[in-house]
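Chains: A, B, C and D, in written order; residue numbering restarts at 1 for each.
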Amino acid sequence: MTLALNIFTVLAVSAGTFFFLAGTAGLLRFPDALTRLHALTKADNLGLGLIVLGLLPLVERSFGALKLISIWLLVQLSGAIVAQLIADFVRRREPLS
Amino acid sequence: MMNAITLFGLCGPALVGLGLFGLITNPQPVRKILAFNILGSGTFLLFGVIARRGAAAGLDGDPVPQALVITGIVVAFAATAMAIALLLRLFEETGRASLNSSNPNNASETTDAS
Amino acid sequence: MTSFLIGAACFVLAATALGLLRILHGPADADRMMAAQLLGTGGVAALVLLATALQSPAIVDVAFMLALLAAFASVAFVMSAPPSHSKTPPVVDPR
Amino acid sequence: MTLTFIFNVVLVALLLTVATWIIVARAAFSAAVAFVAYGLLLALVWVELSAIDVALTEAAIGSGVTGMLLLGAASRLRETEATAVPAGRPLTSAVAVLCALIAAGLAAIVLFPPSIVFTLAPQAMARLPESGLGNPVAGVLFVYRAFDTLLEKVVLVLALVSVWSLAPDRFWGGVPGLHVYQQPNSVLTLLAQLLAPLGIVMGIYMFWTGANNPGGAFQGGTVLAAMWVLVMIAGLQNVPSTDRRALRYLVVLGPSIFLTIGLAGFLLANGFLAYPPGYAKPLIIVAEAALTLSIGVTLGLLTAGPPERVAR
């Protein structure tokens, strides 16, 4: 049981870190601000989400688990809204397309 | 030989040096305020290293320097807020944001430009 | 498991650190802010990993604080970006 | 151990890169954006130095409210940048050498510390149980160095008075010049509606947990300030006139209650800011609660800046 949970943690955390790498790669390689923003939100949502998911079996107290989940929800939420704000900002700045 | 505490201990002086350099050489007051904050954070980091080295009595660090740093961060913020307000008022009054008032030639130039 | 988690924290920090190039190169300030935002999320992830690895629940509070204030900083950025050639209506005072 | 060390090396490298860039960057606004990232990294450094209380303060102040102030100032002063005359090359080099020397001197102190380790940790811990607090940093702030903490809160009030005094005479007592978002009912409104309640819970939690765990009045108050500013920016609440009585009472509430408790120490205990035996914890909690509120209001008003419009 513990082994299965540990494998789950390793897999989920590794997948999460992968999304951070992907987010950075996107931020560096994508051609314009809006596509970069798209890459950024992947790290916010999936990267942190998978890491939190992977850590849950290791947290002893349920309050701690609750805090971890609320951090993820907070980042998810603010990340999505901030992405919209920045997109709006970029669009107003560069009124091309 | 090199441990993490020493590493941060060397980072602190580097930040102090950088901050001081920016504070003296950069002509823009906003950048001086930024540099002042970096200089301050370097000093705080030195306190943090002293606190970490003073780990005793079952604590990971000496709480006295840590408390000093918290007070320092608050006061640094108050000073920053004050400096920015002063700077913005100066800009409103004179149309320029320069601390260099001794050079009249330069002053008229900047007023024209703004 | 502890060293795996710390290793993962290292990896996340190093990965988001590459995004630092966007802070240095821009080109626009919006790109810089995105990199800062990514660094914020990466910092939160690294802190959560460290908190679990070191069994220190207080570090989770720092992560929470960072997440909260990173969002605030982004709002501050959007608000304070200098007024440009925008076609949006002027300030509406919602009373 | 080695992995932690690698983490720290990466962290320090990042911190120094961002700091250097802030100093040498061309545009002040970009430097201010980088300063937000710098504050985030600094919070991580404080975690690694096992100073969680400081990490919380830095996370709240450094990247949050200081970032907002600097971004605002850099944006307003953008057009003055071109006129700034940089220092000449010889002067710059001379200053660089001197700063390097100062940094080297400080580094020498770090590398060759005195053989005696100076620490006040045992003294701080020895009588901590009497205060009823479990967080040694809170103990230092509210028991051993209570006078400093009191003065620090007074400094905040004085800073606010100074910032207000910088308003032109006709705007004295008017409304601070905080920018309100141009489109009401936008995503920002949603963010403020969702983030502010979470932040207020976090602020109260910080104050409450601060007695026994890392946290405290200042960290809590800063979160409250940030959330208040967010709500004002989103247009969910009007920016208040600075001549509002209630507002001014709130600013001085914390310091005055703390001062009253301190003065009561003359009568009930053995001196200024001494707590009567057995009542230390409740008194500190009362003072901290009032301070959290006052710090929130004061920092919020400091961030909003001096009055720029006449009072409504």
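Going forward, contacts are C-beta pairs under 8 Å (C-beta built on N, C-alpha and C of every residue); 3 or more make two chains touch, one makes a residue touch a chain.
All figures in this text were calculated on a predicted structure; none of them were measured in a lab.
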Checklist entry - Counting C-beta pairs in contact, does B-D beat C-D or the other way around? => result B-D
Item to check | subunit B and subunit D: spacing of chain centres that average the CA atoms, whole Å | outcome: 14
Item to check | Centre-of-Cα separation between subunit D and subunit C, whole angstrom | outcome: 18
Checklist entry - Can you give the whole-Å distance between the Cα centres of subunit A and subunit B? => result 32
Item to check | subunit D residues counted as touching two or more neighbouring chains | outcome: 4, 72, 74, 76, 188, 191, 195, 198
Next on the checklist: Give the residues of subunit B touching no fewer than two other chains, as numbers and ranges.
Outcome noted: none
Next on the checklist: Can you pull out the residues of subunit C that are in contact with at least two other chains?
Outcome noted: 33, 35, 57, 61, 64, 68, 70-71, 75, 77-78, 81, 86, 88
Checklist entry - What are all the touching pairs of chains? => result A-C, A-D, B-D, C-D
Checklist entry - In the complex of these two chains, what residues of subunit A are touching subunit D? => result 70, 74, 77-78, 81-82, 84-85, 88
Item to check | subunit C-facing residues of subunit A, complex | outcome: 6, 9-10, 13-14, 16-17, 20-21, 23-25, 27-28, 33, 36-37, 40, 43-44, 47-48, 51-52, 55, 58-59, 61, 64, 67-68, 70-71, 74-75, 78-79, 81-82, 85-86, 88-90, 92-95
Checklist entry - Within the complex, which stretch of subunit D touches subunit A? => result 186-188, 190-191, 194-195, 198
Checklist entry - Which residues of subunit C touch subunit A in their complex? => result 1, 4-5, 8, 11-12, 15-16, 18-19, 21-22, 28, 30-31, 33-35, 37-38, 41-42, 44-45, 48-49, 52, 57, 60-61, 63-64, 67-68, 70-71, 74-75, 77-78, 81, 84-88
Next on the checklist: List the residues on subunit D that touch subunit B in their complex, please.
Outcome noted: 4-5, 8-9, 12, 15-16, 19-20, 22-23, 28, 31-32, 35, 38, 42, 45-46, 48-51, 53-54, 57-58, 61-62, 65-66, 69-70, 72-74, 76-77, 79-87, 91-92, 95-96, 99-100, 102-107, 110-111, 113, 117-122, 124-126, 136-137, 139-141, 144-145, 148-149, 152, 155-156, 158-159, 162-163, 166-168, 216, 218, 299, 302-303, 305-306
